[in-house]
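For reference, the structure I am asking about is given below.
Order as written gives the chain letters A, B, C and D; numbering starts at 1 within each chain.
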Amino acid sequence: MHQRRNWLQISGRAVAGLTDAFAIVFRHLFRRPVTEEYPEFKRVLPARTRARIILTRDPDGEERCVSCYLCAAACPVSCISMAGEERADGRRWASWFRINFARCIYCGLCEEACPTLAIQLTPNFEFCERDLLTMVAEKQDLLVDHGGKNNDYNFYRRAGVDMVGGKGTHIGEAKTLNIKSNLP
Amino acid sequence: MSLWVAGIIILIVKLLLVLVALLLFAAYLIYVERRLLGFFQLRLGPNRAGPWGLLQPIADAVKLLTKEDLSPTGADRVIFLYAPVVVAAAAILIFAVVPFAPGWTFRGQPIPGVITDLNVGLLYVYALSSLAVYSVALGGWSSNSKYSLLGAIRGAAQMISYELSLGLSLVPIVMMAKSFSLVDIVNAQARCPFILLQPVACIIFFISSVAEMKRIPFDIPEAEHELIAGYHTEYSGMRFGLFFLGEYVTMVTLGALVAVFFLGGWRGPWLPPLLWFLIKVAAVSFVIIWIRGTLGRLRYDQLMHLGWKLLVPVALINIIVTGGVMLAWGYKV
Amino acid sequence: MATIVPYSHMLILAAILFLLGAGCAVARRNLIMILIGVEVMLSASGLAFIGAAMHWQQLDGQAFVIFIMAVAASEVAVGLALIVYSQRRTGSLNADDYDLMKG
Amino acid sequence: MSIYAIIFYLLGAVIVAATALAITRRNLMHAIVYLVLSFIGTALLFFLLGAPFLAVLEVVIYAGAIMVLFLFIVMMLEIKPEERTLGPWLRQWAPALALSGICLMIMVGFLFLNAGGPGPLLLVTASPLAFGRFLFQKYWLGVEIASFLLFVALVGALYLGRDNSTTGG
């Protein structure tokens, strides 16, 4: 007896569940689709959306890239290549810098890897070509005249690189201690 | 002699008209299904090619026809190349016995509203649907791919299992119409469509034929999450298109068969018979798409249990009950 | 009334088919092919029965074809089950490998 | 020669060719495909010979069920095509061919010795209704026995096919 009631309950629940599901799906026929039709309707993307890559400059107008190859190493699809050189004053720079956007997957790992904030990703994603070779961007295509997401950052003024002044002149760095004296 | 020639010409014209109508209906069913699924899921569906995307089937056909026709290494080439033909041919050939109108008269000569009124029409439908297994099994086997082979084995097992309940569910219809001919079955529903007298048979027939078509919730042979595309994983271009076309022609044919067996065929008040027939076919197709939008996929063991432990026994009980009731009401052969 | 062909041609066709099936069952060493040969023989005998039914205008011949089909279906069900069983037991489908009882 | 005779000889040639190809294939899958063709041809012959019901049953049962079962087993067991070796091939086929040839010659001889007896076949068709009525009036016991045979075969196949690895299933 208990078994039979159980069976009836189960089948009743199944029928109720099925009816409910079908009714919900049918009601969706008359609801407005949530689709945004892309070429006619363009949503404004957040400023930090990751798409096309740029190379930024520091506040002094110098290229930030020091050609450390970390972005090329981090890139999962190996679309970044460059050659590093050293200037007379000891500052490193990339003599050429190339990104193959036909292969780029906009993962943002290069941005993560960059120690100088040189590589940054911008919201511009609408670029495509029939000829793949025109998607290869050289350094002059990538360089911009601003600092991107952080305009004030200057790698050489911040880190312990002896470039713009002696020890203790960098931002956030304590004055050098005179180890010969105990005076405060 | 001229009458004979006229008969041949009328037959050929009718064949062409039915074929073109069937293929167009199937092609636009693909479009309608994609649009409806879009709406069910709060999307839009294809709406780019032409106004409201109405040219989408043509764009799809052009794309499929111009794609490269690949065959995998190690495939059994001849079987691989010709397996897709079977499914499309079987689906189209079923329509030869489906009555779509009561018929017309042209200059005093009657034109029946069916291509051929076979006196074993129902069994002919059954035979062709059982031949459709070959395209699945052979196509999957000859692809030389494990996904295809698994899909083919599942497909063959599923189609054999559900053919049984498909056939058994139609026995009460034959008992009540006293004929295998589809025209006679439509005529037997002059007073009352069989769906009111045989609701159980209708449900079993519908479920079994959805399983025969390998559509959701019975699409285990082509379960994309496990088997990529099942038995037609390795197919490309128009050969894949034939599998696709076969599936949708089968859907139209199923709609027509449900209309003929249970909904009274072309019978209906006020509207012309052909229109009634089309409305019924479209309604059945809509229900199939609705099911696809609603249900998930059954597990393999659930599928087999549903077929063998529920549908077949219920169909057998339905036959016995129908026979008993008919005897009690004083039925004479 | 339209005639088709002499009854003897019908019987010869059935005989050719039957002998093809018998040859397959005798000569092939694969268990599945042997079973297929038996199926061909059964189908050929059905053909002969149908021809006979037509020749004598009696439906008995056609009735027998129904029984032949029932026998063929049950034979295949049991036969294939046996083949699968023995393939699981011995791992071979070659009839020559089943020689445990060397005479 | 009437159009029916032409159809008969064409179908006969197709059936014999398909069957001959089927029984000589080394690849089981090809054999099954040829055999399906042969059975469909046989079904058409049944149709020509006035048995539409049996013709459709031939397609449903032989081509649609039995051959699919074979296909299923071949796919499941993953059978390699046989090796092509001439020696055993000759040893196996020679006696079969010889015996078949002798049987066929005797058969043809008998038929032509008795040439006056069996006349041409007349075109008649047994409607499914008439056939069903005849079957269940005269051979109802046979039908019951056949159904019982199928039931026994079902039970036998289930028993043979059960999984031995699990206990207490």
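As a convention for this text, a contact is a pair of C-beta atoms (placed from the backbone, for glycine too) under 8 Å apart; a residue touches a chain by one contact, two chains touch by 3 or more.
Owing to the predicted nature of the structure, the values given are computational and were not obtained by experimental measurement.
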Chain closest to the middle, measuring from C-alpha centroids that were averaged per chain: B
What whole-Å value do you get for the distance between chain B and chain C if each is reduced to the mean of its CA atoms? 33
How many angstrom lie between the CA centroids of chain A and chain C, rounded to a whole number? 72
Provide the C-alpha centroid distance between chain A and chain B, rounded to the nearest whole angstrom. 51
With centres defined as the mean C-alpha position, give me the chain A-chain D separation in Å. 70
Residue numbers in chain C touching 2 or more other chains? none
Identify all positions of chain D at which a residue touches two or more other chains, and write them in rising order. 53, 57, 65, 69, 76
Would you pick out the residues of chain A that each touch at least 2 other chains? none
Draw the chains as points, connect those that touch, then say whether the picture is a line, ring, star, complete or other. line
For this entry, which pairs of chains touch? A-B, B-D, C-D
Which chain C residues qualify as touching chain D in the complex? 1-13, 15-17, 19-24, 26-30, 32-33, 35-37, 39-40, 43, 46-47, 50-51, 53-55, 57, 59-60, 62-63, 65-67, 69-78, 80-85, 87, 93
Per the contact definition, I'd like the list of chain B residues that touch chain A in the complex. 36, 38-44, 290, 293-295
For the complex, give me every residue of chain D touching chain B. 27, 29-30, 33, 36, 52-53, 55-57, 59-60, 63-65, 68-69, 71-72, 75-76, 127-129, 133
Under the touch definition given earlier, write down the residues of chain A that touch chain B in their complex. 21-22, 25-26, 28-29, 31-35, 37
Show which residues of chain B lie in contact with chain D when the two form their complex. 76, 79, 118-120, 123-124, 126-127, 130-131, 133-134, 137-138, 141-142, 149, 152-153, 156-157, 159-160, 163, 178-180, 333
